[in-house]
Amino acid sequence: MLFLTRRFSFSASHRLHSDAIGAAENACAYGICENIHGHNYRLEVTVAGEPDPKTGFFCNVMELHRVVDELVVKPSDHHHLNDVPLYAGAITTMEGLSQRIWAAIEPALYAQRMRLTEVLLAETDEHWVRLRKD
Amino acid sequence: MLFLTRRFSFSASHRLHSDAIGAAENACAYGICENIHGHNYRLEVTVAGEPDPKTGFFCNVMELHRVVDELVVKPSDHHHLNDVPLYAGAITTMEGLSQRIWAAIEPALYAQRMRLTEVLLAETDEHWVRLRKD
Amino acid sequence: MLFLTRRFSFSASHRLHSDAIGAAENACAYGICENIHGHNYRLEVTVAGEPDPKTGFFCNVMELHRVVDELVVKPSDHHHLNDVPLYAGAITTMEGLSQRIWAAIEPALYAQRMRLTEVLLAETDEHWVRLRKD
Amino acid sequence: MLFLTRRFSFSASHRLHSDAIGAAENACAYGICENIHGHNYRLEVTVAGEPDPKTGFFCNVMELHRVVDELVVKPSDHHHLNDVPLYAGAITTMEGLSQRIWAAIEPALYAQRMRLTEVLLAETDEHWVRLRKD
Amino acid sequence: MLFLTRRFSFSASHRLHSDAIGAAENACAYGICENIHGHNYRLEVTVAGEPDPKTGFFCNVMELHRVVDELVVKPSDHHHLNDVPLYAGAITTMEGLSQRIWAAIEPALYAQRMRLTEVLLAETDEHWVRLRKD
Amino acid sequence: MLFLTRRFSFSASHRLHSDAIGAAENACAYGICENIHGHNYRLEVTVAGEPDPKTGFFCNVMELHRVVDELVVKPSDHHHLNDVPLYAGAITTMEGLSQRIWAAIEPALYAQRMRLTEVLLAETDEHWVRLRKD
């Protein structure tokens, strides 16, 4: 099985806050992350497939780039994620963001005959989440 | 399936030597790695789970940090690994160390409702081992 | 001449805006950086000196860490830099931030007998500024 | 299950061109990548196995290094990949190169009792492919 | 004194060969680097100046980007450097390339009121050259 | 002025201890660094010069590699630095090590017509020292 991964990045601000819990629980769950702050996010998108024998590519990497850039990177880069429609109603943890990213790009990639298998989202080089579908 | 990974590091010395084989075989198997030497080890711990809808986190990353820091990083950092109780009786290859690390943290993470799925241990940026349980 | 450098990082949000120019000029000067967004800032502080022959250290690296952590990293990390007193009245470009950082830490380092020679501040791995005093 | 990964690199030039399609389609598929250009390739080879209880190693990492160095790195490093026999007839995309690398090293590693599970090939830090056999 | 550095990269091929010496001396001086091969070059350009009090920038970083992109990156990226007019007649060592880059961008940066102080060019992460004018 | 830098690395153990001060002062100065532990050291050596117009190189980078490898890297790699003759009598801080490295390589580089201008030694990615002679 062949996988292709492409890395993206965007600089954005966010704050962690949940409407489902009270002020004290918010303070307890998020600590200083309730303050508005920001990251250089790293996003790695992996698709699986078979190379086309005529071109040696198994997917058009430019299409992969275009889909993720338009649906995720441009709306997120240099914005405040809590205000971005893509993440409306979500808690802007890496978990919450990556689920919205998956939902946004999977059908668009599928329409270009690319099967999404992993979304990795990192706030820093010290921790990250991966959503995977084997 | 959602995975969260957190990276740790510790500086430690070790020497490779096996009591199960003779001096000549030790020299042959380990070469200059029989000398005492050291590394900045990189440790990446991955857990799997489902986000809590109230907080958007699927595990308490601070608990993950605390467990690995107390059980592995603090006892290993700035110590000689061949003398650390956690690795007593093990050969201090990356293979041997990572198995002890897995055994130490898996029950503690489970007690905090985190399912351990991968331990990656790297002596350098050039080579590393991963223990994985799918 | 011997120099010691220590690296710090903090995650923060900011927006670029100058009260000295009008809306059109702000838009022209800063583009999408007028939007609130954020970075994982990297800060490298360099001091010069001579090693103490008794300890082999030329400065107490823990003091260097404490000074920069208290005066810069803690007030900045997970905050909106435009609201942080350390940067009050400054435009929060890397140029503006680094000048405030220099002014804040130089006397405190000097009081610990460390001579500050360089402050490097990076918004991303692609560009950074350095303030230097030879 | 235990995996060991070792990283290699080589600097080489290539150009993307397919004999199966015409000039216009080549221009469309590859753009400026039809020009001769080059990369510092990063290659990561992963093998799976069980550690030998006598040595604590599950494979002889020096043998892994020797096999990949002789069969892939030396023939590729500082060469024009379109002229290298290992890739004869292949389109020198990352997809095409990685399949040839897999075919070359799998039997040689198997002869040394190492089971190949992944070949990762990166042209840049921004995109890479992985061939995987679970 | 304030310095701003911006990092660029380009993928290109080259071969080392000098018309001033014979075949044997070329083989001796360059070894396998006489073969056509390639790199992901890293280029870091540093300018010095004083921030404009109205904008907080000491130079227009977009102009810096535009100058280097047009004069160096675009003509070099995905090309064979021995055939690029910018390097005509030069030996394409890092030393030779960096001197041409300096000569090309210094007047254009000066015309935008930026004083060039350093050009760093790296073929790999293991070695690089710097041209500096204090 | 043209500078060439080459990066080296070695894995070694050390412990910090000074014979010039008592046990309590050693504990106070070095803390847990009095324990034997280790690092992947990064060493960057910079020389200055003028390129030879015939070859385009300003120094023979292979000679630079050979000198540093023989005089520093081989004696240090996979050894306990407190026992290595190169560092005999020195306190094995980065400051102490870098001064010995400078003294060892400067005459050997000079004999090959290379003028040493900087030695950078890093225990980790978080802190490092530089010895510089302008």
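Here are some notes:
A, B, C, D, E and F label the chains in the order they appear, each numbered from 1.
One rule holds for everything that comes next: a contact is a pair of C-beta atoms (placed from the backbone, for glycine too) under 8 Å apart; a residue touches a chain by one contact, two chains touch by 3 or more.
Since the model is a prediction, treat every value here as computed from it, not as a measurement.
Path length between chain B and chain F in the chain contact graph, taken as the least number of steps between touching chains: 1. Among the remaining chains, C is positioned farthest from chain D, on the basis of C-alpha centroids. Bringing chain A onto chain D by least-squares fit of CA atoms involves turning it by 120°, to the nearest 5. Between the Cα centres of chain C and chain E there is a gap of 28 Å.
Each chain gets a centre from the mean of its Cα atoms; for chain B and chain E, those two points are 42 Å apart.
With centres set at the average Cα position, the gap from chain D to chain F is 35 Å.
Among the residues of chain A, none is in touch with two or more other chains.
Remark: the chains found to touch one another pair up as A-B, A-C, A-D, B-D, B-F, C-E, C-F, D-E, E-F. Interface of chain C with chain F (complex): residues 1-7, 51, 53-58, 61. In the complex of the two chains, the chain F residues touching chain C come out as 16, 18, 20-21, 29-30, 90-96, 98-99, 125-134. Of all the residues in chain B, the ones that touch chain F in their complex are 9, 11-14, 32-33, 35-40, 77-80, 123-124.
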